[in-house]
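Look at the two complexes coming up: chain A is in both, with chain B in one and chain C in the other.
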Partner chain A sequence: MRRYRVILALTALAAALIVPLVAGQFWMTLITQIYIYGLLALSVDLLLGHAGLYSLCQASFFAVAAYTTAILEVRYGYPTLVAAPAGLVAGTLLAVLYGCAVRTRGVYFILITIALGYIIWGAVYRWASFTGGDNGITNVPPPSVAGVSIASQTTYYYFVLGVVILCAFGYRILIRSPFGLSLRGIKGSESRMQSLGYRTTMHLYAAFVISGAIASLAGVLYVYYNRFINPVAASFQISVEVSLMAIVGGSGTIVGPFIGAGIFLGLRNWVSSFFEMHTAVMGIVFIATVLWAPSGIAGFIGRWRGDGAKTKDRP
Partner chain B sequence: MSIATLHRRFICAAGASLLATALVTASAFAQQTGPIKIGLLVPLTGPLATPGIDMVDGFKLFWEQAGNTAGGRKVEYVIADTTCNPDQAITQARRLVHQEKVHIMIGPLCGHEGPAVAQVSKETGIPLVMDTAGADSVTKWDRTPTVVRTAVSASQIGHPFGDYLYKELGARNVTFIGQDYTWGHEVTLGIVQTYKELGGKVAKIIWNPIGTKDYGPTVASIAPDSDAVVAIVVGADRIRLFESWFGFGMDKKFKIYGGYWMHQDALPQMDDRAIGMIGNSLHYAAGLDTPANKAFVDAFANKYKRLPSWFSESAYTASLWTRTAIEAIKGNVEDKDAFLKAMRGATVNAPRGTLKMDAYDNPIQNVYVTRIQKINHPAIGSVLTNVPIKTYENVSQFWTWNPEEFLKRGPYKR
Partner chain C sequence: MHSGILQAINGVSFAALLFLLASGFTLSFGLMRVVNMAHGAYYLFGGYIGLTITRYTGSFALGVLGGGLAVIPLGYLIDRFLISRTGENHLAQVLLTVGIAFVLGDVALKIWGGDNLKVPTPIELRGAIELPGGIIYPTYRFVLILFGIVVGVSLWLLYRKTQIGAVVRAGVDDREIVSATGINIDRLFVLVSALASFLAGIAGVVGGAFLTLYPGAEWEILIYALVVVIFGGLGSLEGAMIGALIVGLLDAYGRWLLPEFSYFVLFGPMAILLLFRPRGIFGREG
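After this line comes the complex of A and B, so read on.
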């Protein structure tokens, strides 16, 4: 079974590597977008699939990172080497601040993260003199490091792919570590973990900040991909959509969020080109997922291969 | 026959045959290059789907009338659903350019999608004929060489109404009900600017986010000493304000004028109480009494059994303008610079009037202040519509100010 997984992973990698050669430019940019949103969905899933926290302010870290990078690049002319890390730091710092939400649980946690998310949305929407308001910030230059500019979309595709693979490996190490195990322990029974002597709130806080950092990374990748940022990126809608991506794709897995992002963005951007009622198709996909693949597409594939029980508790 | 005559004849014949060859080659060349592809970016789902469909209908009507040809070439079009989301608009614009290989993009509708699609035009060089998206910045502070606008920039329709409000309606102390987003800010503050310059006093500006469910608190908080109320509302808010206004009996206390309110697409959901009210200050009104507009309205009404909104006229005129430019360059849309130059130089006789581009890529056009009336249209029957009562001719996006001065003042911000 292990060998099977390695072969599968290598095939997927090979497929990802040849995308720019075989697919048209549109598909390549769409797949770049899928990687970026997949990464954002992955950050949601660290909380949702492992720690059992339903966070609905993920778009805030994403947007704050993207806005910071865009503003530094466009308004102040800072190079990528300053703007991109600054975006990452700004998004992560926001997660450090917003992390206090983990003092609550369940529905209260959902409510407080919605409220926190709206603060950022309101700020970028309202503070028009600084953020450009509704019009957003345009003309973000392509990333360039030491005079080498990643202007071509093909190069950027490989760059994003590289970052995503590195993140996936890091994420795998994280969730297989004792820390990841304790997160799943908290999801299973927080009181039992507490009675075993774990400081569960601190664990959840750490998970929240790491999740915010991944979301910030996705935000930085996003702003260089679209060369444009708008308050919609900080909206409640994005937070919900990325959660749905994680759930549909397969919560608690690594590939799941990426599959979910693929389904979501693929349906919206490709099906809409020939079928006007594409939102209805999306609805049917959600219903089908809930009915027949409650652990998402990744879980469904796992079950079909006969190791469903294992996929459930193994990342 | 003298030698000289023979020579002349020979030269004439040679010239004629050369010309003929050139013409044949030119037409063959045009055929070889295949159809012209135009991409239309509009929301077909989401909150602004209705105006989006209005645009599609106006667009289709034009190309049907034009026989789907321009500059001797066939025209094909692709319609992409932007869902009124800039992220989606960007991806769809890239799809049109990279996948569908369009020569020209027309659209989008939502204000905030405008800069997003302009970004794609900038990175790919594909000309964008900016349609109803009205962000002021696109033709003022944030211009893109490959983007021209054929509809309107937000404050362009606001400035004349401020003038009208003070001079003709005699308002001196006004409460404004504005929609709280970029387009709403720019229209509202455009009105406020000209009105205040004349000496008018602003009693209050009440801002409502798009999609405000209840207009009760808004109408209740109108400054009691105001002598007029001006409404700038979009989407479903237009109907909600209308209902609250009469529901709370405000019509007996205040006079209300629509700066941007009772559009043709919202009128079917209003009723006869609207008759006689000032509905809009806009660059188009379905009730405009000109031959060009009558022909357009009749064709539209016969085909779709309703009157065209400004969104329909906008997509129609964007197509007309595009076709005029394509004709001027004889169908060679592959030459993007020539196309953009032709767009900028064209004079277009649109349903809404004669249009020319200013030096900042925004049309100079009439703005009509309209009153709601019930008319009888042979194809539809009795119907409410906007009838112009005052025309401001050839209004520039800079109103009467000098462009440099306007640009230095900066965008209208809340």
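After this line comes the complex of A and C, so read on.
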């Protein structure tokens, strides 16, 4: 089983590496977008799949990081080496602040994160003198490091791919660490973890901040990919879409969120090319996922592959 | 000073509208444990249907009634065939109802187009009236305040003073015990869900007459309703009243004094309140 996985991973990597050589501009752009949204969905899934928290304000960290980087680049002319880390720090600091939400659980956590998400949306939308309001911030220059500009899409594709792979490895270490294990323990039974002496709220707080940092990284990658940013990036719709991506692809896995992003963005691109009511189609995807595939594609395949995986979990 | 009072009245009239929407949301959560993010779409649909009825019949009152009634079967079908299948999984409910809202929003866009539409109000409500102290204020929004008070008082009487209200309150506390005493809890669910849809539809028509209706309006109003129930506490009717007043006033003064930061003025106090009382003003621990 393990060897199959290695072969599968290497095949996927090889496919990802040759995309720019065989595919046109359209596909490369779409796949870059899938990597970035996949990373954002991965940040959702750290909370959703491991800690059992349903955060619906991930777009806030994403947008704050993106806006910080864009404003520093465009308005103040800072180089990428300042603007990009500053965006990452700004988004993460917001997560440090918003982490107070982990005082609540269940439906209250969901509603509070929705409301917290709207603060950022309202700020970037209404604070027009600073954020550009509805128009957002345009003409973000391509990232440049030490005088070398990453202007070509092919170079940026490889850059994003590299960052995503590094993140995936870091994420793998994180969720296999004792910390990741205790998060899953809290998801299973918080009161039991408390009685074992774990400070569960602090664990969830740490997970929330790490998740915010991953979302911020996705935001910085996004702003250099898109070259402009507007309030849509901070919207509630983005937050729900990425949670759906995490669920469709398979919650609790590393590749799942990326697969989900691929399915979701691919479908939307395809449908919107010929059908005007594509929002309704995406709505139906939401409904269908909740009703028929609550554990996503990966869970569906796992079930289809047989009972082997299932019985292994049993003691 | 003068415009300060004007903003207070603005805030209260917006609160009246928010109460219509939030009371249904909070009651359906209290009784059925359902988070229905499609509630904003009910508002929009009710508003659009009311608009069409008003245009054809020329009667605003018929529009309000029709807009409210038309949403009831929609809400019932969604409750009965979709939301009921999510059990108590709130994330599934949120995703499902967001999906429903996307579909409804797109259908509304297809039928009524993307322009801002205003529900026509009757001539008697169009002018302005002079309040004591020489304040000139639009009649319509003043009547809206009265309407909100009437609905609020009737709901409160229904909830606190009648047998149906007592059963609903008991259901909010403990569903299992209520059904164990032989009361048909499902029938109660249908009743409360119909009431919630009806109020949301009515809110759409009366709100559409001064806020106008447009694609996306469902989300804007929904988030206000969410803040109302977070302030007041999920499942509490009194909380929805107080919450609506707080949110209406904060919003009016925020827009007036700090237009660029009006969302902070609204959400900042909410975040602080949550730090100390995560379940809102009237929410209970448990």
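As a convention for this text, the second predicted complex is superposed on the first by the 286 of 315 C-alpha atoms of A that agree within 3 Å, B and C clash if a C-alpha of one lies under 4 Å from a C-alpha of the other, contacts with A are read in each partner's own complex, and residues count from 1 in each chain.
Everything that follows uses one rule, which is that a residue touches a chain if its C-beta (ideal position, glycine included) is under 8 Å from a C-beta of that chain, and two chains touch if they have at least 3 such contacts.
Model, not experiment: these values are computed from the prediction.
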Touching partner for A:236 - first (chain B), second (chain C), both, neither: second
Which partner, chain B or chain C, touches more chain A residues: C
Touching partner for A:107 - first (chain B), second (chain C), both, neither: second
Which superposed partner A:287 touches (first chain B, second chain C, both, neither): second
Which of chain B and chain C A:33 touches, first, second, both or neither: first
Touching partner for A:128 - first (chain B), second (chain C), both, neither: both
Which superposed partner A:279 touches (first chain B, second chain C, both, neither): both
Footprint overlap on chain A, comparing chain B with chain C: 128-129, 276, 279
Residues of chain B touching chain A in the complex: 44-45, 78, 80-81, 83, 85-88, 90-92, 94-95, 97-99, 111-112, 114-116, 118-119, 122-123, 135, 137, 142, 181-183, 413-414
Residue numbers on chain C that touch chain A, as the complex places them: 29, 33, 35, 82, 85-86, 90-92, 94-96, 98-107, 109-110, 219, 223, 226-227, 229-230, 234, 259-264, 266-268, 270-271, 274-275, 278-279
Residues on chain A engaged by chain C in the complex (per definition of touch): 48, 54, 56, 100-101, 103-104, 106-108, 110-112, 114-116, 118-119, 121-123, 125-129, 236, 240, 243-244, 247, 276-277, 279-280, 282-287, 289-291, 294
In the complex with chain B, residue positions of chain A that touch it: 24-27, 29-30, 33, 128-129, 133-136, 138-139, 226-228, 230-233, 265, 268-269, 272-273, 276, 278-279
